[in-house]
Structures are given as C-alpha cells and as structure tokens.
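The letters A, B, C and D name the chains in turn, as written, and every chain counts its residues from 1.
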C-alpha cells in the first residue's frame, strides 16, 4: 500500500487531540490575528500514528541491519541512553531556570566535560556547538580570537583536499580564505606541500586524523611542529575520533583544539539527519579563548556558569547551553563503557575494518595499503570495464539487504567506496556483508551489468530521479487547485 | 535476509548485560545447584535488539493497517495508555505491600469498577480474572456458588451453538455439563429450542449479545424471563460489548452477570496474544457471591481490600489483584472518551460494519440480513463454483496489504467470513478495504482460482504447512548434535 | 474525539449508503426503551483531554509508594529486578504491541518465532522437554497443572505442599474444587515438608511443591519425585522466582513431571501483580494433555522454515467442551519481554545474575540475623528468606512502611494459609535482588533493631 | 561489555585473516609512545552496569528541579507544552531514531516523506513559499538568515531589533561578526521599536525582528516591511513560540522575506534547551540562497512518486568553501517530532491550542496585574508578557524559586542585553501555556504579593 501525504488524508471535522475548552477572555493580540486558515489537514490520532508507523517501515536503520556508511559511524544506539534522556530532571528542565534549580544538569555537563578533556588530553571544553560543523566554527573562532588577541590578523586556513566539506565551509564562515593541499599516493597529507604552503599569514591548519581515507596520519607530529613554527594553530577534525578513543590523546599529537561528534564516538542516535552535538576541546594554547558557557565546580560542590574570563573573546554560539539531550546520552554511554570499554570499542572498530579490508581484497581494490583505522576505502578499479559504476554497485547492496557504503567520498579516490563497520557488529554480520559484497563483485565481473543498473528492485522505491528533483524543485505539497492554477 | 533463531546466533564469550561483581559469600543452596549449563545462547545487546526489531518487521499490526478480524476487535491502542501504565506508582508497585502504601492503585481500581458497573447497569464487580475466558469461569463459579448457597445443585449449562468455544470449555471447568442449542435462520438463538431445553436442572444460560454473527439478540428479554423462570441465571458473554457500550445496559437486558474483555471494548493492546483482562460485573441477584478481592472506599476516602462478605463463596481466582496494568490502560481510555465518547465509539463501530455490509453486498453474500452490529458476517456463497475457498480468499487479502478477516467462525455459517472494522478506521480506510475485497471477489468469479491458491506471495512467508506442524510437532529448538542424534 | 476518525459528513454519507436514517436506527433490534443516550450514564464523566487524563492518572500513581521510592524487600512470587531499557523499548514496538494472536502465520512470523524461542528458553530453564507459549500467571498455571495431572492419571486428588505460595494454594483449591477435584493442602510451614510424600495415596494424581519454597527454602526434590512416582502420581514443581533457575538445580533434573512458574522476573515490571507470564513445561509424553497455546516449526510453500500455532485440537476454539482448558488469551507480550530479557542475559548473564542475587541475599541474611531478637529461619535459600521476629510480623511491617521501608511480607495475613496463620504470625519473608543496596539492608537492619527493642 | 559483540575467539580469528599479531599492531602508524592502554585515562572510570549508570544519571536528574515539579512560568524561547504520548513513541521507533541522513532515498522514504511534510507545514505556518528541512535551532537560524540576506542584497549590515531574544542577538552578533558583517543592535526594550526602520540605510541587508517579541508584544509588521523594502533591504522575522502562528497573523502575510523560528513548542520537550529544531522559510525567489538541507519530490524508475534530498549544490559537501552554509547535520528527529505533533493537531487543534494559550495567559495577566506594586508592561501579547516589579526582578525570581515557584525570566541577566541591562532590571517575563493551572497562577500571585510587600 502506498502512503499518501498527510495533506492528502485530511478531512475537516476531525480532531487528533482533545484540549480543554477555551475560557472567555478578551483578545490581547491587538488585532494582529491570522486571517486565512493555515491549511493544515485534520486527522484523528489513529490515522496519524498509522501514517508515521507506515512511513517508518520504509526506512532502513541500524536496528534493522548493518549500516556500513564510512565516515558516518553508524553504531548501535543503546536504549538506556534514550531512557536516561527522558528523565524529567533532564527532559523537563528549562535552561533559563535559576542556577540553584539546575544543579543536576550542570553537574552532568561538568562530568561530560571531564570525560572529553581526559580522553583527548586537552585542558578546556565548550559543549555549546550544535553539531560537528558548528564545532569546527567554534574552534576556528577561538583560533581567530587568539590571533586577534595578540594583534595578529591572519587570513588563511589550510585544508587537505580529502577533508570533509564542512572544513573549508566553516573556515569561510569564520572570515578566512581556504587553501587546499593535495594528498600523497598513500592517502595521507603531503607534508612537503603542506610545509610549502605554510607562512606567517596562515591562521590554522585543519587535519582529520584518522583521515577520511581511514588512515592514520603518521606524520602528524611533524605537521604539528611545522604548523606551530609559523605561529599557526593546529585544528583537529575529530569526526574519526572513534578509531582512537581510549588509546590516543589528540593533545599529544599536537592539536590545539578538536571538535567531537557525539553521535560518532559516543553513540547518540542520528535520528535521520540530526540532532548532532559538537563539543570542542582546547589545549592550553587556546584555553583562554574557548567559547562559553563554561560550567565550573565550586569548592562546596555546587556548579556555576562562567562567562569567559576577561570578556567574551568568542561570543555566544547558540541559545542556551547546547544540545543537552545529547549530553545525557553520551555520558550514559561513556559511563557504560568506561575507559576500558572505550579502549576495547576503538580496537574492535579498527579490527573490524581491517578484517573487511583483508577479506574484501579478494575481489575489490583497496585504494591504499593498510593498516586501516575504523574504515576501509576501496576505489572502483575492480569494476573497470564491467559497465557497473560505484553507484550501481552500492544500489545493488540494497537488494542484498544492506545499506550501501559511502560512495564517491573522499573525492580524492576514483569511485570511492568507504566502508565503516563499527565495533557493534558481530563477526557473523561482518561475514554476511563480505559474502554479499564478494558475490556482487563477482557478478559485476561476470558481466551482469544490466542487473546492477536496475537495482534496487526490492526496496520501497526503485532508483529515484534526482536530476528531475533538482531541475524542477517541488519542495512542498500544494493544494491540487493551487497546483493546477500554478501550472496553467 | 532471513533471521535465525537466537539459539543459532549465540557464541560463548559474549555478554548482553553487564552486572555488578558478585561479592564473596558462602552458598546457601544446600548443594542443590544446577549441574549442567542451561544452554542459553550468549549475544551482545546490539544483536538482541536487531534480532527482535527484525522479527517485529515480519508482523502485521493495527498500527500498520486495518485489522478486520471479526470478534477480535482490533481497534487503535492509544499510546497515552502505555505511558500511564508505566508511571512508577503503577508499574513499580508490589501487590503485597501494606495497604497504606497502595492507596493510589486501589483508588484507580475502585474507579474502574465504578465505570464498569455504571456502563453495564450492574451492582458489583470483580476485577481479578486474567482474561475473558477466565472471567467466564469466574461468573460461572459465582452462579454455582449461588445455587449451592440455596442448596440447589444444578449441573447443566445451555450454550448456543454460535458461542465462542470458551463458553462450553469454561462451563466444563466449572463442573457443568453443556448443552448446545441451535440458532435460527436469521442468525439468532432459537427461542423455542431454548425454552424446550430449559428445566429445573439448568444452572445457567450463556448468551453473547450482540452475538457472534454480529447481530443483536432481539429476544433477549424474553429469553431472560424464561431463564429466570426456571431459577437459572443468565450469563452474558460481553466479548461484543463494544457494539453497545454507552447505549445499552446489559443489566436491563436481564443478564445476571457478564464478563468484559478490556482489550475489545476498552482498547488495551492485544500484544500478539495477550495479556488480556476479564473483569466480571454482577447484578443484584449475584452480588452476594461475586468473587473477591473487592476494593471498598471508606468514609475517610481511603480504600480497603475486602474479603467476600460471609466467607469466600468463590475463592481466589488468581494470585494478587488481577491484571492491574490493563486496568490503568482501560481506565485511561474510559476517561479519554467519557460517556459521550463511548456512546459515539459504539455508534461509529456499528455504522462502519453496516457500511461495509452494504457496500460488500455488491459482490459478497451476507449470511444474514442486517442491521449488523459491530461486525458483519458473510458466507462463502459468492465463491461457489469458483474453486476459491474462504481460506484462499482470506490469504489473498494479505497480498492486498490487509490482514484477513476472521475465517470459519462462527461455525454455524458455511465458510464464514466475519469482518469487524471498529470505530477507529477512517472512511478512506474502509473504502480501501471494500475496493480491495470487491476486486478480489470479482477476480474469484472471473476464474482466477490459481492466483488465490498461491496467495500470499508478498508476505514474509508463503502459506505454511500446518498439517506438518501438527503431525510432527517441533516445539522447541534443539542443538544440532542432539537433533541429529534424535533423528538417528 | 481524538480516537474517532469519522466526521459528521462521513457519517451522513455512510448512512446514505446503508439506507438508514440515523445511527440509532441501526440499533432497531434493541428492545424498546433500552437504548440510551450518554446522559443515561451519569455516574461516569464525559470525555477529557489527554492532558487531563494524564493528570488524573498521575494523581493515582503518586498516591502509592512506588517500590523504587526507598528500601524494598518484598518478593513473595513477584520480584523487582533490573530490566534493561531495550526490553521495554522492543515490546512497545507497534508490531509486537498491537498485533493479534498469530492466527495468520504468514504475517505474524515475528510473534511466532519469538514464542518458539520462548518455549525453548522455558524448556531449557526448567529442564523439561516442551513448554507452551505461556499461561496467565504462575498461580493459574499451577491449577492447570493439577487438572492436567488428573487427566493423565485419571485420579482425582491433588496434594499441595506447604512450600507453595499461599495465593497459589488458594487458586488451586478454588479452581480444582469447582472442577470436582479433591485438594489436600499440607500445612504451610517454612521448613517441614517431609510429610508430603506420606499424603500420596492410590487416588492421588499429583503433588505440587514449590522450589525455592515460598519461605525461601531450597530443596533437593529427587527423593520426593521418586516417592511420588512410586505411587503412580506426578510431581508438579512450581517456581515463582525464575532467576533461581540460573543457580538452583532444575526441576526437570530432579524428576518433575510438570513444571509451572511465574516468569515475571525476566523482562516484566511488578505492575501491581499483573499482567505477568505463566510458565508451563512438561515431558514430551504428556504433550497432548497440555493446556494452552503452542507454537511449532514447519515450512512454507517455498520450503522455508516458518512457525505456526499448532496442536490446536487440544484447544477450546476447536474442541469446545472437550478442550484441555478454557484458556484462549495467553500472556504473549509478557512472554516476549521474558524472551528478550533472557536473550540479553544469555547463559553468562543468567548465571551471573543468579549468583549476584544469591550472594546479596546471603550477605543481607547475615546482617539481619545479627539484629537482636530475631532469627533466620532458613538453612537454605536463594534470594529470599524468612525471619522469625519473635512477635507478630504484620504490625512491624506496617510500622516500617510508615518509616519508608518496605520490609517484606508477613505471610500470616495472606489468602491460602488461613489454617496455619497462627503458626506463621511471627514470620517475615524478605527478598533481596540486585536492586537492593547495602544502604537498603543497613536501613532495614537498624529500623528492625529499633522496632524489636521497642 | 554488553555493546561489543566480538568474542576473544572472533578477535583471534580476525587477526589471523588480517595477518596481524594483535589489535595494537593495527595502530602501527601512531607515533611511538603515544598509543595508550586504558590505564592512561585515570580521571575517568571503568565501565559500569546498566543499573549503575542509570542510578548515577538519575542522581543528576534528581538534583535539578524539573519544570513539572511545581508552578512554572518560564518561557523566553522555549515553551513547556503538552506533547501527546504518541509523538515520543513514534520518534523512538528504530526506523526513525537510528537511521542516518537519507542519502540513499530508496530505503529512506520514511524520513524523506516526513521531511517533505515538515517543509510544507513550516511554509504554511509562516506564510512563506518554501522551507528547509530544519536547522539547529532558532538562534542559529537567525544568524543564517542574516548571512543569507547579505548574500542576496550584497550589502553588509544587519539591524537587530530590540524585540529579538537576547540570546539570538548575541548569536547573530557573534557569528556575523566573524563573517565580517556589521551588526547594529537596537536597544532591547519591551515596547519601543519605532526606531528600527530608521536604522536602515543603503548598506543595510536586513532587519531582524521577532514576533511575538521577546517581551511578549505582538506587532503588525506590515508597515515595517514596506519601510524596509523601500530601502532595498529584507525583513527577517523570528518566531520563537511556534504555537502563536495558530492565532497571530503569519510573518509571510505581513511581508517578511525570511522567517526563522524555534520549533520546539511542537513535539519537543524543554530538554534543558537542546536539541530543538530551527525553522527557516523564505520566498521562492531566494530558494537557491537558502542554507540547509532540502527534500524534494520526484519519481522513481517505475514512475512512482518519491522523495530525495535535493539542491545539494548549495551545500558544503559538494561546494565546500563556496557553500551557502557549513551546515551538515540538521535537526531531523526533532523535526519529525514537530511534524507528528502538528499532524495530530491539524488546523482545528492548532487553532484551539493557540486560543487556549492566549486565553489562559490573558487571565493570568489580569490576575497578576492585580498584585499590588507591579504593573503589566504589554498592551498586546500572545502567551507571554512582561511585568514591571518596581524593584530588581532577579532576586525576586531566586526567592520564588526557593519557595518552589519558577516565576519566569529576569531578562536583565541574559547574554545579549548587556547595554540595556539597567533599563530592564525590574522586568519579569512570564509565560503561560496550557500546562499552567489556575492554582499555579494563584500560587504565583500570592507569592509575588508577599515578596513585593516585604
């Protein structure tokens, strides 16, 4: 059965909620009242529930199967975290309540901060950023504030070409120009090119480590030294922190600050596209310009909210305290694993990726030699001459019951396929994935291109026309009459 | 992807829960310790969650679509009820706590009792029965106790042949012999036959009204008078109370007691086969033998648990207080609808059934003329000569996206198809069902029998071999080695 | 009304199609004068908003003292265990929660496979060959077992041991009584049970014992099983704390013919006593005399493994008055919760959980036994034991409750031990699970010290 | 560890296949001496049981005073509304909760169709042509709107009115400042706003106003829109209480070019301020300058309607440093909750809810205005209004909190109004939703009477 839009199911006269009667009072709207109906459809509660249950059934999710999206880190989302986040002392709490009435929430945030600084070896933390990209921005703002504070208006930020697109975009938002530098044949930053690009006008170098090719930047210390030598700061994109958490302290690699995606490393659910949460940790070198609000523990055990010492070098990033609901989830996860469990988790994630790389190499072509970190990258070399593209190959996975891997990212590899299994998959599940991929690779090589072009066949939809969507954007439902009128 | 049994997924060395360490103490088991392993599989939490999510995805449910199982009353289950049932004051409460610490739960049960007696016009209520069939037993026990109390050991119970199978089974469990009486051509009890069967040894007559043919027993008062005339009690099977709730008081129809299935009339979820809850209401005539425990409100507003006055004529039906978790759900539903909403709900349920009957009569053959109550009954007359059976027809519905109706019940109609839409379906949903059924009927008549025999094609499983299952029962998983050994 | 999707216009159009002037007209078969409007139900209220209903129900919830509000030692057949958050999440999925009995197996494999796994788990735990897909609860399961034994042996008396939960005793007595079966209740007693075998005679169908017993005692039933079998009767063993099966020898291994139990400990909250999940397992040879729903393995038209409800010729909807039971509804959702929790535990988790309960109970017993004026009655127990307070226990329980401590159960006040109430009046039954902290035990010990020295 | 399915045996076998001696060996690229064991992280604890974690987190939760624990009048951009139980149930379904961004539309139609419905609802509510699939929250959406106006007009100044939420003012000032855009903050003031149009000059890209304003005032923005447009600038309207859109004229109808908002009121709890859901809507002509994710309708290979993410050439993962924003993650799940709640409300429910909030706030304002020594500042408002206490409000708020009453917000202490703090110090902003009872209002009124007479 197809599921129409709610707008196509409404009938006036129904109600989906019952509310108390409206008492008689005079209007205080000063006549600024809505004149036309909003145009929302009226449905009863059972219809709404069924509508969204049916819609949900058209989604793949980590609970339905392996979700090997490289760089996205789809790991198991513990239900304990959901339960904890819904405790009234967290969920039913307003950030503008007096500080005396929010001590529990502040204490929770303070403990989360302690975990994040300890795990990264850093000194200071800001929890405010709403997502990883927002965290990048916060970190760059701090870097800029630090330069400005010492009267040094630098304008250039260096970003490797394999970086996430958010890196250059954030740098531009922060008022910087961006210089991209190429990688080496072994999938890492070209240190020589980097050094050549460095200069006194460079404010920062942004590096993702492990990088988006799933490799550890083994020259990271050399790079850090070079960056610091020209008076620039070394920004860490912590999107892949999950590969090294509990094992490597980014501060020891030379990073001056780093953002952390709570959903990637600390299991908060991705929710079909968010919400995220992107706390940033700062080394001693940047602690003085770390954005607020910061939570401080007093000697009597109470907590206060502190403005940045010496005035707001970086101002407010977001209303209120950040994504508090994600903090409770992440902290529950950290407490569940503990330092030993986090160490085991990163190890298992890396083990699983290397296992996939070893077994898949039988038919597929790794982009770079290993050892891989938490994800393994293949190019489309093994599909050469088959008529099957990376896209076709990915879509064929859907019919095998798997979510496709990340395709065409990083951009530095031709027809990239980036596979990240995470630590929460069993060996059986990994083997099932390998068997399916090897079999698909063999079928591609055996000339079954047509079947690949037709995939997926067994999904709620077959391949969707993205070009049409972009050429003639239809971004909302319009009442049929209006739509007709518009078309005429 | 197929989903193996959990037993086929276990690997020693995993754990799905973490527990505090076991402190050192001496064993107090007196040596009665388990010698062999239990044989449970070890899985991690993510695997268990995925396993049951995947299994759930193989189920049809009322939230996924219309569930027109006649006599089963699959109506919408409000989520408010689930939320309420999980409040710690209900869910985390032990029935053997001192009465002073369970006043809220007793008050809730007392209010539920008030609703049930008011809605049925009855005097007394017992909430203890665990399900409808258990309620039947409780009611019959009271009837027997009443007879015994007046020194009158009657042994016979009369049950119409259209009754639910639980009616005769319960009567036998209560020590009675059962006499079945036939129905009339218009789908109702044969009053003459009933009167003929009555006699001084008849303890009770059990009647479902509306009956399982979906019809109101219009002679119910005449029957009641006849039953009472021979000194017997008139038992009401309240399985179909949802058709008349808020409109008809069963006490006024002459019933001496009646059980109520909370899930059918008051929306508690069915959970794939239970739990149920079957409170029984008693008229003045049986109030003195109603089983306990009964909740009484004292003048000071507190609640007490009362033993049956004058000693336990009927003893304990079940440990503790009954299905309390179902009480909270049912009461939340009653409060939500209120007397006006319940009146509207029964009306809409009956309206929907008659609407289906009117529209479906275009191609299908109603077993009896209407007006129907909350469900409409068809026989397989319209399939005569098509080679399509009721079973085939029902299985074909699955491929159309619907759960089949009740088949082959009641037994009094050939190839019965009993359709109950309930009041929580929209007209659009009813029309979709009608269109699908009319189209199937036309296809059956057009000679497409083969397609019907092959249905379902688009379900998680095609038709399952029930004969094999019964002939060679495999009722549990056995380790492969053992299974092999057993087979040899 | 938020649950009713039909609009006034829909109703008018539907009545037009039907050819009826009004909804009331569809009720024309109701005798004159007996069809009412909502105003005929004045004792109950009109409909309310979700917010208002939630407020009223929350007021009831707050008017009780939830178990988790303080120290809590109440057991007696229902145990407060920690249930992983994933369990409740999973059983609330629409596809489990709002499905019907799996009569259409092609679109109910989720429920059916879960029940098949449940049956296997119960058989493994109890040490029996087969288990059904659940009954209402432990007490009614015990009664069903008694009746099944009567059917198998064609004898008409059931002996109930003093170790059996008082409510179970009452339920068995009541239900078997109505079915015309003689019930012989041995005295309820924490320790003595040696007389049970002596009560078995040529007319005895079965003996029902509980292990661990209601008072906590753990017994080796092997000899009893032999004695009972020697007289041609069956041994029925009730287990009300299913977690014990991770540490205590299984009833099957000790010779039980039927094992019944309360499965609430796995996956299910206390919920004021219900719904819970009745366990029922037996030997293969008694399969066709077993009550309740059974799920069996089979294949579909394409030869793939699948599951169906089976052997329903035992059941009331087919056999009517010849059925093995009147059971229709089972405890499907509670059984699912049981199965999910036990799947998370696995062999390692179950063993660990049982050991943890046992050790914590042992430490608590030691601590409490040091309170002046009371004594520990049991020489064996799993996670529940009986104290003799040297004075009537019920008032002490009340006073401790007023101090915020739910100390346990005073068995003398329960249904089912009427004849033995005097002998039991000084006893307090104390349960200790993994949710009890050292602070809780200390709070109970010091409160008891004060009460008993008063 | 319960979340890690690999066993020791699995690990050994996998290492064998890889050809590595140990897991640590896979980290051979890590510089010498920088690869640590768990012992290197002494400031954080080892792993704990679910029970223990739940206990520790519950201790934090109990250490705050939840909004529902007593009378509650705090608003200021986040509103405590009654969310139907079905909403939270639905967004907790695995298929919504644990899905990724719908990059593979064939198996993500559930999320995509929900987002398409979200976009439509937001466009309808705001009276605009198109809306995106959500941003982080209202404050960052306001900053994005300012930057978008700069891109569209190629002018470099944004005027922020005194009606705008102090935190939004601070966020706009900070973010636009770093992007090199001039921000002109008009004084924060509950009533005066006539000077805003006067601040617009030939270099002004946009004016940002809020309606209802932070202090509650409801304004007809038509004339302002005309004045702003006459000078070639855009009007950006922020709405922090989305429920108001069921009663107050839509920003679109009054001439707004971009509408941003906080959608928390629908479907989302307070959650200590986040995550919430940022609303962003504009005119069709500005579509390609819009930041954030967009879901569009299309067809699949069989011609069936389906939905995809579209126009991603505006976005950072394609355009990198040329993107319209660095936004990647949106507020998908919170947007779903918004959409589900609003689907349940529908036209009737929304209108009713808005009228109910307005009426209850009006009654509360009348009652509070009768308290001696204070005065109602607003002559218009929706469900939130400002009182002048005649003395500093912040200490009064603290004292009322100590009495269990959360009276509202003392705006003088917030970020974003530093320059105006003195003028605001006697003000108290009070929000009244459908969750506030008459008893709550009475409690506040009498407590205020006592405090102000002290």
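As a working rule, a residue touches a chain if its C-beta (ideal position, glycine included) is under 8 Å from a C-beta of that chain, and two chains touch if they have at least 3 such contacts.
Everything numeric here is computed off the predicted structure, so don't read it as measured data.
Looking at chain A and chain D, the chains in contact with each of them are B, C.
Between the chain pairs B-D and B-C, more C-beta pairs are in contact across B-C.
Separation between the centroids of chain A and chain C, computed from CA atoms only, is 46 Å. Centre-to-centre separation of chain C and chain D, using mean CA positions: 47 Å.
Separation between the centroids of chain B and chain C, computed from CA atoms only, is 19 Å. Of all residues in chain C, those touching 2 or more other chains are 1-5, 7, 10, 47-48, 50-52, 54, 84-86, 89, 92-94, 344, 434, listed in ascending order. Residues of chain A in contact with two or more other chains: 11-12, 14-20, 43-47, 49, 53, 57, 61, 63-64, 76, 78-80, 82-83, 336, 424-427, 429. A complete topology is adopted by the chain contact network, contact being made between every pair of chains.
Here chain D touches chain C in the complex through residues 2, 50-51, 54, 82, 84-85, 89, 92-94, 344, 434-435, going by the rule given at the top. Taken in their complex, chain D has these residues touching chain B: 1-5, 7-10, 47-52, 84-86, 89, 94. Of all the residues in chain A, the ones that touch chain C in their complex are 11-20, 43-47, 49, 53, 78-80, 82-83.
On the chain B side of its complex with chain A, the touching residues are 1, 9, 11, 18, 44-47, 49-50, 53-54, 57, 61, 63-65, 76, 78-79, 336, 401, 424-429, 432.
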